[in-house]
Structures are given as structure tokens and as C-alpha cells.
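Residue numbering begins at 1 within each chain, and the chains themselves are lettered A, B, C, D, E and F in the order written.
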Amino acid sequence: MFSVTVRDHIMVAHSLSGETFGPAQRLHGATYVVDATFRRRYLGADGVVVDIGRAAEVLRAVLAELDYRNLDDEPAFAGMNTSTEALAKVIGDRLAERVRAGALGERTRALEALAITLHESHVAWAGYERAL
Amino acid sequence: MFSVTVRDHIMVAHSLSGETFGPAQRLHGATYVVDATFRRRYLGADGVVVDIGRAAEVLRAVLAELDYRNLDDEPAFAGMNTSTEALAKVIGDRLAERVRAGALGERTRALEALAITLHESHVAWAGYERAL
Amino acid sequence: MFSVTVRDHIMVAHSLSGETFGPAQRLHGATYVVDATFRRRYLGADGVVVDIGRAAEVLRAVLAELDYRNLDDEPAFAGMNTSTEALAKVIGDRLAERVRAGALGERTRALEALAITLHESHVAWAGYERAL
Amino acid sequence: MFSVTVRDHIMVAHSLSGETFGPAQRLHGATYVVDATFRRRYLGADGVVVDIGRAAEVLRAVLAELDYRNLDDEPAFAGMNTSTEALAKVIGDRLAERVRAGALGERTRALEALAITLHESHVAWAGYERAL
Amino acid sequence: MFSVTVRDHIMVAHSLSGETFGPAQRLHGATYVVDATFRRRYLGADGVVVDIGRAAEVLRAVLAELDYRNLDDEPAFAGMNTSTEALAKVIGDRLAERVRAGALGERTRALEALAITLHESHVAWAGYERAL
Amino acid sequence: MFSVTVRDHIMVAHSLSGETFGPAQRLHGATYVVDATFRRRYLGADGVVVDIGRAAEVLRAVLAELDYRNLDDEPAFAGMNTSTEALAKVIGDRLAERVRAGALGERTRALEALAITLHESHVAWAGYERAL
């Protein structure tokens, strides 16, 4: 099995609901360093999993919808806790949608899975993995 | 599949038995930077894999039993090589025991697996993964 | 010259005023991974620059006043841009004040300088250095 | 499941064929920081996955065949794109061959899988995983 | 003293002349992860050292002249060893020239120094620092 | 000013004397990831600060005297606390001695300073800098 990963980041504000979250119930923020991994069983004609330049562009396009925003004000997240793991799913699902729509070109048909990791600090990160 | 990882560290002395280990047969030491990853198929009501604050506390509690010690003097490790991979198992199993005993609360019933990585330097690390 | 550095982090929301900041004029957020470095010409009796445990506690105390907050709502920052470099100065000056007040004990008299680095992502960071 | 990883690196020149690669069609180069992970279900008598010193030596031997070279001039890569993911496979397969030939000793019989990661920069990396 | 650092990277081929360089006398390559640090005594009206977005753009512009190239073929480097430290100077001097030409705007008048670090692997890097 | 840095590591046991050190008064251990930086005002004929291969060898030679040892048993450290900052000085001074003795060759006459950083974990490190 092969994989290619590209890294980017977003800087967002949000608050989390529920006593579990302690001081994180207050409006605060995070830099999420985002790793997007594309998995594929065999390499294509060019010898690659995915065009890494296009992969980075598609990840940027997905992240641009979240970047420099207060997630508490985003209709898409109404009634939902934007925890690190939940955001990993949002990013993974939006990326999968673009991949299936052809954003990475013909060769994306062979992609099998997608994994997203969001690093919220040097001591904590969360991940989400799904089939494509 | 979702995951959440927290990072902490311990500083221990030990020696290793067997010609394989060369100079590491002498009493020496290591900083182990420890990553504990909790895996779960679906997010719970709060939108999280695990209460990350409690996860960090439980990891600290497990590590406190090893931290700033000479492992050669610990009865728990008598007759056993405390290699990086063996220590990863010790930490993973002790963490699993606490999780099953409810240290992470009700939501831990949905946790499926636990992965431990011990970084012993910038050029070597070992891991252990198990079901919960 | 000797130095000791401890690392911690904060997660804050804020917005920045001025066209320079582009999308960062919107309310957003950041994880700042904070490195505090203490400099000293000669080691003391114990052979250390500073009691590293106390240094970490004092840094935590300073960061706790900022952590999990919306800096736009903090009276201390009224009329000021909480840029990464400006925050580095706030943290450095507050830390210096505590050090001078004896928070690190007698040996802090020999400390000569303090440097603060705030990492806002894997591709950008800012620093502030001052005498003690 | 247990794993042990060792890290090394190579510095190579190469060019890539195909419009996909844009400016990377020109002769350029890369430092690949290479992580080799050995997986095994149970630890052996010494309590290890693999003799980590020998693992590092075998990885170095495989990498030495590529290091400080222009891959465009290597007969082994004629007619093949030496993309990061393709090189991960080359390194993984050559390492597997040496492991099967006994380079890691008797205990390698219990090794089940091998994973190679090539970091080409701080924002991109590729991997290849195979059974042993 | 304040500083702001931005990170980017280049991927180049080159060879080095002189027995000192051993196998690096052959045509090979490197990824250089490049950190550019801007230093300034006082913050300006916006509370920043430099417009970080423009700083990243100017760094990219300087790096684009080197990226994805064989430095042995560049007239600018004829008769010169493109060692990591020498490349740090080239990048620092070209960046300084653009800064002095106003690429970072009016506020660059207050910049005092520039430091460049080129990371060639996880175990080696080189730096160059100069006044502005 | 130019600099070149090489990284290596040691794994040692030790204990620290004095109430300041809390649990670190017990015999424990550490991995120290060691960065050695060589500074020089002008590059030499080959366009380098120092032969990086020889620099790495000399650093290894100095570290080999400490590696895989219990520092409490080393006569050289009798009556001295082997704190991270004190060890940075030991390594820096021993390295300086070898450099002055010609271990790095003729060009070392132009070296001006040496800086040593010892990373003891992902959240703490210490440094020592001296003239050559």
C-alpha cells in the first residue's frame, strides 16, 4: 500500500459546549496543522499516488472555507461541537467530495482511502480516516 | 475511524541483558517521549473520541509509576528486558486497565484500540497497539 | 553563556486591526507553542541556570492568564494589536516581572536575559528578547 | 502488534517525466529523511522486535546504494519515474530482500511487515508498506 | 529585540568541489528547508516586525530563482561551491536586496538584521546572519 | 556571521543532588539530543564553515565518552551535578579542546565560537555557548 501526505494549516476561533471541555467552553482558538494522506494500492502510469501539487491545492481549497474564521458563526457547524476530531471529519469528508468530483483528475479513481490528522499543539492531535 | 493522541514523557535509567545490546548492556538511561493514541469508530454525544484532559491525566498517572526511576530496581520488571518496545507494551497495558476500570468515564466503552509510541531519540522509536 | 528553555502552549481567539492583516482582521484563533529561555553567565551552586520545575510553573502561571480566552475581550489589550510578536513581549514582560519578584527564588538574581518564542504554525514564529 | 522504527537520510538528484510534474521535470534534488518501520506480532526472547543497531546498519546499506547520486544516471531506474512513493517502494523492497536473506539474524523470521516513509520536505512525505 | 520567522523550502541538485566533500563531489541533491528571520528593535504602528504575508511572498520570490534547478548549471554560481552555508548567504543577500528596494513596504526601514537557516536534513543545518 | 550545526545523541543514567531536583534526585536517565554549532565570520576556500563530516565525527568522539553510561560512576563528574546545562558545558569544552588540537583541520583557526544545545525532552532543553 502506498500513501502521499501534504501538510497545511488553519487558524480558527471556536468554543466547545459541555462541562467536559472546562475552560475550552470559553471562546478561544487554535492553529490546526493539517496533514492529508491519500492511500492507494498500486502506483499509476506516472509512478505517483496522486499529483502532489494538485493535492496541496485541493487541501488548500477545503481549508480556505474554514481559515481565519470563528467557527461558532458558521451555519455549517450549528449545533455541533467543532472538536479537533470532528473538524478532522469535516475536512476529510469535504476533501473526499472534491476528490470524487474529479478535482485530482482521472487517477483519483484508484485512491482507496483518505486520512486527516489535525495537530492542535505539540502535545495533542486527532485523526479521521475513511474510504474513498 | 477516529483517533486522539496525547503526548507526555518519562526519564528513566535501565540496562539491557544480551549481547545484542552492545554498550546498552551497561546501566544507562533514556527520555521516552510517549504518544498515547485512542481509537474509536464513531464520535460520542460531545463530538469527541475521549475527554482529552482526562486522557492526559490517565497517561500521566501511568507514567508517574515509571518516571525518574531505575527500571532495573523495579520488581515489576524483574527478569525482563525493558526495551523500548517492551515498555510500550507495559504502558499500553496499564493504560488499558485504567480505561477499562472507568478512568476515562462512560464514553470509554466505545473505545476500540490503543496505540503507544515511545520515541527514544530523534532517530529511533517503537510502538505497541492493542484492542480495548 | 548558559541557557535553559521550557515549552508550553496557549489556545486563544483574537482579531487584528489594519489592512495589512487581510483575512486575519476577522475573529480567528491560534495555538501558540511558547518557548521561554532563561540566560545566565555562570551556573549556580546546584549547577543549574534555573530550577527548571519552577520555571515551567511560572511560565504556566503567566500563560494561564491568556489561555482559552478571546484576547479581543481582555482589557489589558484594549487598543493594541495582539500580533504574535506583541504577545511574545507581553509574555516576556510578565515573566520578567514574576522573576524579579522572586518567583524563581534566590538564584534568579544571576539571570541576565529572557527570550520568548511563539510558534503560531509549522511555518511561522516570532520572538522577543530582553534583559532581566 | 509491535513496531520499531529507525531514521536515516539520503541526498539525491533526479528529474521526473510527465507534465504533471511541472518544474520538477527539470533536474533538481531532494533530501529524503527515511523512516523504516519493522512490525511483528510478538516480541522475541530478548524482548525486542529487531536488533535496532543491525536494523539501522541494514537501512544504511540499502540507502548507501542511492546516496549522493543522480538517480537519472542509475541503470536500475531506467524508464521509471523516481517519485517519492516509487523510491519508498525501491527502498522497502531492497530492505525486505536483505531481511529475508538473514541480514537481521534469526529473529527476522517473525517479522510480518515493513513500512517506509520518505519525508521530502516539512510539508510533504510518502509511504509504502508491504508484508515480509 | 523582536523577530519574525517564516519557513519555506527548495529542492535543488548540485555537486561540491574539493576532496573535503567526499561522495558529495558527485552530482546529488538536497531539500533545503529555509527559515528567514527578520529582526527589529521596536514594533511599528501595527504592532508587527514585518507584514508576515509579504515576508513569505518575498522569501518565495527569492527561492523561486533557485527551486527545482541544478545549481551547477546556474551562471550565478560559476566557480563557487554551493555549500549549505554559501547558499544561506546567497538567499540572505538576495532577500536583503529586495527588502532594501522596498518589497516589504515602508516599515522595513526599521529592520536591523536578517538571519537565514537552511536545514539540509534532520541532523544538519547551516546559517547566515547579516545587518540590513 | 555563518554557522553550521550537526546533531547526534547520547543515552545516560544519572541522579542530581539537592532538594531543588525533587524526584530527579533518584537515579534516572535521559536521552540528550545534542546540537553542536560552529560559528565563523567568513567562509574559507571551500566555501564552508567546517568540514561537516569531520565535525560530526569529532562530536561523536566526544559523545562516545559519555554514551550508554551512568554518569554517577564517572570520576570526571565526582562532586558535580550533571544537570543538562552542566553537561552542555562539558561537551562544549571537550569539543573546543579537540578543535584547538586540530581535529577539524587547518580551517578551524577561523572558527570563533561554539554553541551546544542538549534537548532532554520535547518540552525542555539547555544550551552553552563559548568562544573558540
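Everything that follows uses one rule, which is that a contact is a pair of C-beta atoms (placed from the backbone, for glycine too) under 8 Å apart; a residue touches a chain by one contact, two chains touch by 3 or more.
Computed from a predicted model, the values in this text were never measured in an experiment.
Each step here moves to a touching chain, and the least such steps from chain C to chain E number 1. The fewest steps needed to get from chain A to chain E, moving only between touching chains, is 2. At the interface between chain E and chain F, under half of the residue numbers appear on both sides, which makes the contact a different-residue one. In this entry, chain D maps onto chain E through a rotation of 180 degrees when their C-alpha atoms are superposed, rounded to the nearest 5.
Of the chain pairs B-F, E-F or D-E, the one whose interface repeats that of C-E, sharing more than half of its contact pairs by residue number, is E-F.
Counting C-beta pairs in contact across B-F and across A-B gives the higher total for B-F.
A separation of 27 Å divides the Cα centre of chain C from that of chain F. The centroid of the Cα atoms in chain A and the matching centroid in chain F are 41 Å apart. Taken residue by residue, chain D touches two or more other chains at 7, 122-123, whereas all remaining positions touch fewer.
Across the complex, chain B meets chain D through its residues 17-18, 20-22, 80-86, 88-89, 122-130. By the touch rule above, chain F contacts chain E in their complex via residues 1-8, 43, 46-49, 51-53, 56. Those residues of chain B whose C-beta lies close enough to touch chain F in the complex are 7, 9, 11-14, 23-24, 26-33, 67-70, 73, 120-123.
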